[in-house]
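Chain naming follows the written order as A, B and C, and within any one chain the residues start at number 1.
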């Protein structure tokens, strides 16, 4: 990689006639060398000026690197190449900028969460333990989460599934249009608003107390539109020929849907439902308003306050002692693991059951 | 596309009539199934209507009991015999933190999406997309915990620096202390919505027809020029809808804000100093000490949040619809 | 304006698969050279090596030399971007930039390569559209999106876009295969006019078209599916279609296979 001498002439007025196809290029080692220089300079300036945050060092280094690349490229290769290199730099910086916090989030959760996470933590509730004391566990929260999410899925999955079937297989006319529109609207409901709605009807008007079931209703409202959307997508992928083949054999429509359409798309539908479950498992706001949280085990989701994992994390954080922070991180780790496993299994099913098309 | 007209003489093909409702002989099975599925659709509509009706009803109760202007009052005192509360601080905080989040997240997300779709080595690209999708599933409370216990302590240095050089603007002045401010909330929200905005944008960028990119390449465009000429114009409406999706999440985010922000009922010119509040955060923070009237007041603020998110989503759909003729989908 | 292309010992790969093997040929300036051959024989791949578009496909790799007059396109220090600027290309399916107006489509290449005054730009766009026999049809709607034109008009718009930057060579990859007969005729007429100014290479599936528009014809073939494509022969079009020197060419042209 040698530096070529010919420069492309710049168009001045008439048609640009390239004299040569050769183009002065920066040598290959220029980029890593510049990166090293910039990193060194960033640390140097950071140390010299006594900046205590390494975030600042990184920012200085990144800035130096980008400016250096642009200036060098503009000098050697011309403005267009310089812009191209600048864009490449920025895209890489964006990527690194995003990786740092997201990796840190995962790392912190795993590192701090594994401190108190053990069999005891998983199998005991908080009981009467004072908040500032170490010990206690999340058994009651796991029970609560499983029951609330399970009930929500029991409500939302059939309604969502049937609505999607209605929209794809029967849906025509004004009702279908209205449903489609309001499913869109429903997707945008903030979770706390869903919680407020159940609060206003179930607790303020009907006079029930807080319970796991109240939380489930809010979670179901959040889950329904997600299930409808994903199921709709999956049903639309089923080729019409399959339906027609079945109908042409004289199979009634409802049996066609049950025996042909649903089995064909069951993999994708399952994935969609599981992803929706994963999403509502992490919801805290409606649970805070409707389930309240508890320190002891309550196996009955229909009566009295319960605990849930995300709410447990929040309440332990609120306590503000070292012991409760440890518990918050450990519960967060369990929650993240649960959600990630659901996601991975769901995507695994999608890949395994995917219709064999080569795209 | 060259069907002869002779098919017109044939009887209509059976698939043209997929409707089971042909008048007389409807099987009970069909009727039950249609009833069930249509009923579910109607149930969804009923729920939406109920949300609107009940939230409005409780809000009217609250606002008629408010002794101050609900929209302009800079205070939230919804208890006792002289309740005075208003959403001005909450509206300001919600909008400002979400706007900061968008300003940071959208360019970065577009960058990452381009990185995955056009810059990253092929072997890295698809696992990266996968990881981003997984990150979109991390519960918000965990972002909140991380934000409060990790991000906040790490930002005070940066804020001091901003204060040194940009403090004269007023917006970036910072008096030492925990960085539990609207700006921090904005940064955290940006990190939170990054995966979802990235994931949708990447999807769109990958759908750019090969031939549009080759058109630019064949004219002698550099990689960046290809992106500017073919990829970004094609993906614009997709990026807009992704951003709006992210904005919707940022506006309604509760727990991450509730853990990071140190709330106060003040509109503070400096975004780096603690204070302010958002709709969702205020509901979560004030709920435990609210009596029934206080809860109604919170419901009223929730209704405003609901309306704002509806407007944002509606605007997104309008933008997309208007850009459709230019989307190149017809080509 | 037009340059000679000299290819020697050129092979192209997709990953480990060899798509074309050891091709050598000369393309004369100010003439039309047609590439014909059965599907999969590598004629499009070969065309794309002539402006370094082949290496854009993932795994695409080229060995050998392509001389444009005295310069090797694959020489060290050669910028593929500059190559593509010098060797224009028209694709199988018309691909105007969907978000740009007709005017902006034609001006797109110019805007990349330098700054022009508005009046200069207007002149070049008009000249190019006239050169592509499209001016009369679109002069009143230059600000409308290019995707609103018919398929044949879109393809001529793409030709206008390619010739606006005054390339040395114009490559056409089955430019008429997505068009109706009338549009095809219009493009063929246009090719006849353009060869006064450019070196033109056209890939076509349609042998009548090759016979109608080209001065020289190259026949490509492959031994079997999965084998690399090879150049069988290149000669004056008249000779290829009347009295080819290789039996396989005659078989292909007379429709005995392919």
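Note that in this section a contact is a pair of C-beta atoms (placed from the backbone, for glycine too) under 8 Å apart; a residue touches a chain by one contact, two chains touch by 3 or more.
Quantities reported herein were computed from a predicted structural model and do not represent experimental measurements.
The interface with the greater number of C-beta contacts, when A-B is set against B-C, is A-B. The most distant chain from subunit A, with centres taken as the mean of CA atoms, is C. Centres computed as Cα averages put subunit B at a distance of 46 Å from subunit C.
With each centre defined as the average position of its C-alpha atoms, the distance from subunit A to subunit B rounds to 12 Å.
Multi-chain contact residues, meaning those touching two or more other chains, occur in subunit C at positions 81-83, 85-86, 112-113, 165. Contact with two or more other chains is made by residues 222, 225 of subunit B.
Across the assembly, subunit A contributes residues 80 that each touch 2 or more other chains. Taken in their complex, subunit C has these residues touching subunit A: 68, 71, 73, 75-79, 81-83, 85-86, 112-116, 120, 124, 165-166.
Every residue of subunit A that touches subunit B in the complex is listed here, in rising order: 51-53, 55-56, 59, 80-81, 83-84, 86-88, 90-95, 97-98, 101-102, 104-105, 108-109, 158-163, 165-167, 169-172, 175-176, 178-179, 182-194, 196-197, 199-201, 204-205, 221, 224-225, 228, 240, 243-244, 247-248, 252-255, 257-258, 275, 278-279, 281-285, 288-289, 310, 313-314, 317, 325, 328-329, 332, 335-336, 339-340, 343-344, 347.
For subunit B in complex with subunit C, the residues that touch the partner chain are 122, 209, 211-212, 214-222, 225, 229-230, 233-234, 236, 325-328, 330-331. By the touch criterion given at the top, residues 51, 53, 56, 58, 81-86, 88-89, 91, 93, 95-100, 108-109, 112-113, 145, 147, 158, 161-162, 165 of subunit C touch subunit B in their complex.
Contact residues on subunit B toward subunit A in their complex (touch as defined above): 14-15, 18-20, 27, 29-30, 32-34, 36-45, 47-48, 50-51, 54-55, 57-58, 107-112, 114-115, 119-120, 130, 133-135, 137-146, 148-151, 154-158, 161, 191, 194-195, 198, 222-225, 227, 248, 251-255, 258-259, 279-280, 283-284, 287, 292, 295-296, 298-299, 302-303, 305-306, 309-310, 312-313, 317.
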